[in-house]
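Please see the structure below; I have some questions.
We just call them A, B and C in the order they show up, numbering each chain from 1.
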Amino acid sequence: MKMSQDLRQNIPPSDLAFNFVDVVALDGQFPVLAGATLCGAKGTLTAVIGGNGAGKTSLLRTLAGLNATSRGTAQVLGCDLNLGGGQLVGRVGLFGHNTGLYDELSPRDNLRFLAKVTRNSKRAVDEALAAVDLNSRVASTPLSRLSAGQRRRAGLSAMVLRSPELWLLDEPHASLDPAAKVLVDHLVAGALRAGSTVVLTSHEPELAFFMADQVAEMAGGVVTKITRGQGGISDVS
Amino acid sequence: MFRDAWAILVKDLRIELRTRVGLWQVLPFAAISLILFSFALGPKASTLAHGAAGMTWVGVLFATFLVVGRSQSLEMGTGVSEAQRLAGVDPAGMFLGKAAAVFVQLLAIEALLGLGAKLLLHMPIERLWLLVASSVLATIGLAAVGTLYGAIVAGARARETLLPMLVLPVLVPVLISAVKCWQAASVSKGLAIGEWLSILATFAVVYLAAGIILYGQVQESQ
Amino acid sequence: MKRYGLTLTGALAAVTLALTAIFGILITPPDVTQKEYARFLYLHPPMAWVAYLAFGVAALSSILYLWPRTRRAYFDHLALAAVESGVLFTGLVLVTGSMWAEPVWGTYWVWDARLTATALMFVMFLGYLALRRMGGTTEQIARRAAIVALISSINVPLVHFSVLWWNTLHQGPSVLTPGLSSQGVHGAMAWTMLLSFVAFTSLFVWMVGRRIRLEQLRSGVGNDALNDAIAARLAEGDVVEVSA
């Protein structure tokens, strides 16, 4: 927490992608965040580690404006979340255990739909599918008939298509083969180069310290420790 | 708004074409309800013909719940509605698109039920234009109300039982007016239709407007 | 001060209700055509007025809740309190109406526009109460309920006109409705009726006020509960203290 304050003092507010101070967020009556403090500069990678139920996923959902905040200061991309998450619309992308895509449609049809509502071109759809190495057969098979790894690739392609300002990745490496894990690192590196900010959760502390610019440890719905990472992601070509 | 609505309409109809839930579940259900009504009222041909319009529209009302339930369940897939919200899909467009998809499916069901009423229940049809016009107006109202309430209960428990309880009383004006119009359509002239068409039109406009204005709030309450 | 006013309203309701009962049963004369059944005049119309007033209040406060600038938990509490009283009074209106109609009209029920609209309103707002019990956060429930109250209210005039035309255009008025005797309403009767309106309206205000107070106490409990829940949540992670 001390670290967070120090970091904040060095960064002008306009350069912060998100700034949480003592944020309490509720899921029903349950405080999934019980006073979390964390900030991140634009264009940086933050890794969040901690045990099951520590509040990692809740932190991401709150950053996306999906969990209502009831106490504390919560700013994301210049928007005050206490006034509702609606203003963040279109600027944040969340990739988690759910793909957020329609099971009945193929990855390509899903992306075509997404392209229409986000004003992207058909060519961007093909590029996004290529970026996650989904071949044309898989890309035109309904999601419900794809394997877990293929579905996650499809979900990632939606993030690539949207290329939001803030990427929120919930355990992006989970249930992926080694090749796909490398692919995730490439996508994250690409997003950072393009100026986006990335927050991801991880169960691998060593990897997190090596890759990220800062590592936040969570327990009991709060951030207990913030450490500078090595920022190794910038070396991924 | 209309661009998003169009994208949603195309998407919903594409899923329907792919999964054919409406074709294999809703249509047979509507057909069976028509047959059951005939057993309940028949077999005298004149009684059947007299009740045909009413039976058809009660069947349509029941079909509405199935179509609306299916329509909303598409959006309740894991993380789907959140993803749409984060992607910035316009709520008003979402409402219009989903209501339009429901409209198309219901109209198809009505066409087949109407055919069934003509062939099985001997309902005379003298003014086809009135049949079509009133069906279109009534179905806009059904689709708008169904989509709006369907989304309201989508996040609640026991939504399958809650939806009919909330929606049926609201749909009474549509049921009355549509049945009156169909009855009027079965004679060449005589029965008043102006009032009924104006109720159907008012209903459609009021609930389309309500949906466009309120759907964003509905989504935030899911 | 505000609670003092509420207690006064309650006292007013108690006194006027007692007076209405005394005047209505003992002092006013029976009507020439309706006989003793005319005494429903001091029960049925004021309750119908309160029922419609309640749903009007519910619709208005729901709009105020949905409008972002006026969104306060108070308006949700007000809408809930009004609908609960409204459902109660609508139920009583339907029951007293039937009790009166059987001897006077010769039937418990006619498909009259006002009756049918009232019955449908009863069902719609029962649905509102059912919806509130079907889970979600306080905020979700409040918002869903407000939307339903609003769009159900818009429906009332549509139902009224469709049933009105459905009945009159088709079978024509089938029931003769004997009015009160042609001499007009007796002086004592008019006063008692006025009194009954005051009585039921102040009863309604008092009930709503008490119900809001209950709801406010509940949400106050919620605030303390949140502090406890936060402490429990922190303990899950063995976090001893949080410094800002």
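Everything below uses one rule, namely that a contact is a pair of C-beta atoms (placed from the backbone, for glycine too) under 8 Å apart; a residue touches a chain by one contact, two chains touch by 3 or more.
Here the structure is a predicted model, which means the values were calculated and not measured.
The chain with its Cα centroid farthest from the Cα centroid of chain A is C. Relative to the whole-protein C-alpha centroid, the nearest chain centroid is that of B. Here the CA centre of chain B is 31 Å from the CA centre of chain C. Centroids built from CA atoms put chain B at 40 Å from chain A. If you average the Cα atoms of chain A and of chain C, the two centres end up 48 Å apart.
Under the contact definition stated at the top, the residues of chain B that touch 2 or more other chains are 220. Annotation for chain C: residues 136, 139 touch two or more other chains. Residues 1, 21-22, 24, 26-32, 34-35, 37, 50, 53-54, 68, 70, 218-222, 224 of chain A are the ones touching chain C in the complex. By the touch criterion given at the top, residues 148-149, 152-153, 155-159, 162, 165-166, 168-170, 172-173, 176-177, 180, 192, 195-196, 199, 202-203, 206-207, 210, 214, 217-218, 220-222 of chain B touch chain C in their complex. Of all residues in chain A, those touching chain B in their complex are 64-66, 84, 86, 88-94, 96, 98-105, 109, 113-114, 116-118, 142, 158, 162, 164. Those residues of chain C lying in contact with chain B across their complex are 66, 120, 123-124, 126-127, 130-131, 134-136, 139-140, 143-144, 147-148, 150-152, 154-155, 158-159, 161-163, 165-166, 169. Against chain A, in their complex, chain C makes its touches with residues 136-137, 139, 222, 225-226, 229-230, 233-239, 242-244.
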